[in-house]
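In the two assemblies presented below, subunit A is common to both, partnered first by subunit B and then by subunit C.
Up next, the complex of A and B:
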């Protein structure tokens, strides 16, 4: 592909090799490539020496390839918006506008992504946000949040309703902005375990996923290769996280439709999965299990049989509960045809992960850009067609089964040798760039690390799957009853802090 | 006198106990031990001891509503036949006053909810008004059936008439019980109509309308909601229990029926999901169609010679 640097998941590239474009040309090229079927996986700016370099990363999901290109730009530069042709790019262009003042001309929804510091234009405040509005008889506006009932994260939801029907939902996030990327850019020993703890905190429900992405990028830059045993243990950790969260989500979906039995049973089963994780690494959420270069806690024979037994028991009970849950008329009546995102919409807004697969888009990093054990044992993405809450619930059940298969395979064929790693104190190589993709339980996690001339990290870019999928939620609730919003929301279960960073 | 004392004791004491039984049933079903049966009493007294926070945007309507609601529901409760074959207050045509006292309580709550100016409460009020509006005609249809058989028009006299006549009227009796149980789920804001445990404002009906109330006001509202369970439960008991039993036996039987109703409610909440909001009306129409069938059966029985 002319004008692009070819790379793969978890590979370090020299920044100088990335072809340079002008910003308008790069924008036009991205539109062209996306129309050919490639996917814009990331686009971000790196301020360096008084100027700004914009990097774009395209993903070719059919050929397991990533393509990188760059463009130099001055703050305040304008270019024709990519979003007009490629809606999935909306969030990248808003970020470039918010963080660096680049102006995407013709962007239909140019408003800040995160709140409120780190912004190029600090006059943009909540009071001045341009929310879409509707007018007419029986039209009313419902504002929910940022403070919610229950223990959940803050976010503002603005509904435009006619009676009970939602016509439009606008989601404004950013309240959880903690400056995670800046923390990861701070000068420190790159492979110090503290960095792993930080990566685990990007989104607390995806500790393993984000940590793996961090490790992938760092290992690529440092030239570390985890041992086969470490790779298998990592896959087990990732799949246990997926099992636990999916199980918890099924419980939460049951709770939202007030189906007590499902809530109680799935909730109890989730506890048994996370307790297995506790036995493995000392944390129910897999914190501290994995670290750069390998893992911190190996799986010995006793632990191996404990995990296999626990998860096997969990599965046999989950199967029985799921049989009742997915055949109960009252449950199905709530889940079926609620919150539909059709395949075309899912493609166009760039849904990732489980939400995309529920709408018939077989997008799964484990299959498309395999790393670690997934490169050795191929995995077939599970998909559903209907794109409704039922599909997003049922796909969780199917993925729990798939995760269990992966865990069984990895543990039964666990390679001998060392798995634990000790921290290395090497510094990173200068002027390099590495992209790491991981399929977390929610979907594609992307970390990009860019180093400067002295080997320091000058840009650490994190993309949680929620960044794309929040817009999918907004689409899903259109023309649904407003009372079904919480159910739709739960079926996506997106991260606020993962989005806000 | 003893009769009155027993009836008042049941009317005032049973509501919170009933809530305790429902919660306990759900807990046991879910494999939990659950809160003590008297927990709702503790909650209620806790609220009564608290102060109330009242929003600046509200008017006196907001403050009055919980008291008006409780008074109306209590008064309605006095007309329901309890133990010993009679209600505290009973007169010809009292069912009309009963229905509109219940409606008046609702009206006060709807006004208070609108008074807060919150979009959540407005939605809850609109739902409450719609669903309870649908219950009312269904209730009258059912009463019409009972009164046609009894030839009398007070709740205490009309309700037991269905069981006394036997024969084909057993069908009407069963449908009547189903109807009143439906009414209990709607009036008591239970699953599948409403979810008393949810924290999701957008899906609530009753719960969202009480969000801005606190302290004793909230206690009044919660107590009135529980009282409705006893009231409708007592309507069911009046349908099925023998009306001419000694006071002790009849009180024990009444409590038994109330407990059974609470357990049934808890079980319904455990094994069914909540209805989609647009399907709730259809669920209430179940009660209307039952009422129509009861009336038709009664008329055929009385005038068509059908046995």
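Up next, the complex of A and C:
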């Protein structure tokens, strides 16, 4: 592909090899490529030597390929917005505007994303967020948050309703911004034990997923190759995380439709899964399990039997519960045709992961850009067509089964050898760029690490799947009763801190 | 109908019969045991700690910063650091979270340290409002788990409520981001006095792994006294339940 540097998941590239465009030309080129079927996976700025370099990463999900290109830009430079033609690019252009002051001309929704502490324009404040408002005699506004009723993270939801019907939902985020990316860029070189523990705190419900993305990028830069055994153990950790959260989400959805047996049973089964993680690595959330270069906790024979037994028991009980749950008229009447995102909308706004698959878009990093054990044992994405809450609930059930299959395969064929990482002291090579993609339980996690001339990390970019999918939630609730919002929200279960960084 | 009965029968009982006496299975990492006599002062532990929680001279760990990751134990060539499964980590004072060389044994909060007014007012019923101020959803999920069918904290009359007006106290998680500072303060003000303040997780107590970030505004904790510190990353449900029961003086009554 002319004008682009070809790369793959978890590969390190020399930055100088990325073809340079002017910003307007790059924007036009991205529009063209996206119209041909490629997907804009990331676009971000790297301030260097008084100017800004914008990197764009396109994904070819059919050929397991990534493409990189760059453009230099002056602060405050303007260019024709990509979003006019490619709605899924909206968040990247808003980030470039918010973080560096670049102006995407004609952007239909140019609003702050997360109010980072080092934003280009400090006069932009959370209190001044430009909410979309409807006018009309019957229209009323409902404001919820940032502090919500439950024990959950903060965010603000602003509904425009006519009677009970939601016409528009706008989601204002940024409350959870902790400056994660800047912390990942601190210090000259990543000394042992790297920043795995920080990566695990990007989103605590995806500790394994984000840590794996961190490891993938660092290992690519350092030329570290995890052993076959470490790869298998990592896959087990990731799939256990998926099983646990999906199970917990089924419990939450059951709770929201007042199906208390489902809430109790799925909730207790989730506990058994996370307690199996505890037995494996000392943390119910897989913290400390994975380490750059390999894993910190290996799986011995006793642990292998324990995990297989626990998860097998969990599955057989979940199966009975799910059969009942998904055939109850009172449950189905709440889930069916609620919060629909059709396939065209899902494609257009760039949904990823489980939410995309529930709308018939078979996007799954494990299949599209496989790494680790997924490169050896192909995985077929599970999809549903209806795009409603039922689809997003049922797909969790199917994916729990799929995860169990992966775990069984990895543990039964566990390769011999070492799994624990030993290589600890290392310096990163200068002027490189590495992209790492992981299919976390929500979807595509993307980490990009950019090093400068002295090998320091000058840019650490994190993209949680929620960055794309929050917009999907806003679409899902349109023309639904406002009382179904909690159900729609649970069916996505998006991350606030993963988005806010 | 019969299917449901079958499901319930199969499910059986999953609750923890006595959360105050329960223990957590290994390799859970709880209270660290430090052996200054073995320590060679090589300071490798300091180099690997992601939260600046450990010092080698004197050999101490601040549980208010520690994320219980065990990286120091892995790095220590002398075997001077060992994390035990002891999950009872809560303390009434910030100083009491520091453990190790030259520090009086980190005792459980003494019974007479419990404020009489807290016991009288909240000993039999305590409603809490939780605020996540930059929390990663780790502590939030574990606090949510306190009320699930396994831990069932509600059995002690301790529950999370939706409205701060209904609450007797605020439970803070997260390092307090700048963008959440005002909402946290507002929530605190909306809780009628007398009220309790509980800091859960190393982030809330000290900023945790986010402590060096310029995106935090931790002024809230300068203005308001914390009644209970509950360490962890995230805090285990049993750690939280144990701490709260001690705070309201209901622990000894139950045991």
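Rule of thumb we're sticking to: the second predicted complex is superposed on the first by the 495 of 501 C-alpha atoms of A that agree within 3 Å, B and C clash if a C-alpha of one lies under 4 Å from a C-alpha of the other, contacts with A are read in each partner's own complex, and residues count from 1 in each chain.
Note that contacts are C-beta pairs under 8 Å (C-beta built on N, C-alpha and C of every residue); 3 or more make two chains touch, one makes a residue touch a chain.
Remember, predicted model here, so these are calculated numbers, not experimental data.
By the touch criterion defined above, A:130 reaches neither subunit B nor subunit C. Of the two partner chains, subunit C is the only one that A:197 touches; subunit B does not reach it.
When both complexes are overlaid on chain A, the residue A:268 reaches subunit B and subunit C alike. Applying the stated contact rule after C-alpha superposition, one finds that A:430 touches neither subunit B nor subunit C. Once chain A of one complex is fitted onto chain A of the other, the partner contacts of A:150 extend to both subunit B and subunit C. Contacts of A:256 after superposition on the shared chain: subunit B is touched, whereas subunit C is not. Greater residue coverage of subunit A by touch, when subunit B is weighed against subunit C, goes to C.
The interface of subunit A with subunit B overlaps its interface with subunit C at residues 149-150, 261, 264, 268. Residues of subunit A that touch subunit C in their complex: 115-118, 126, 146-147, 149-154, 174-180, 182-183, 186, 191-193, 195, 197-198, 201-205, 207, 248, 261, 264-265, 267-268, 271, 275, 278-279, 281-285, 287-288, 296-297, 317, 320-321, 324, 495-497, 500. The part of subunit C that touches subunit A in the complex is made up of residues 3-4, 6-8, 10-11, 14, 24-29, 47-48, 50-51, 67, 69-71, 74-75, 83, 130-145, 148-150, 160, 162-164, 174-175, 177-180, 183, 187, 208-210, 212-216, 233-234, 236. Contacts from subunit B toward subunit A in the complex involve residues 26, 29-32, 119-120, 122-123, 191-192, 195, 197-203, 269-279. Note for the complex: subunit A touches subunit B at residues 140-144, 149-150, 164, 254, 256-261, 263-264, 268, 328, 330-331, 333-334, 338, 481-487.
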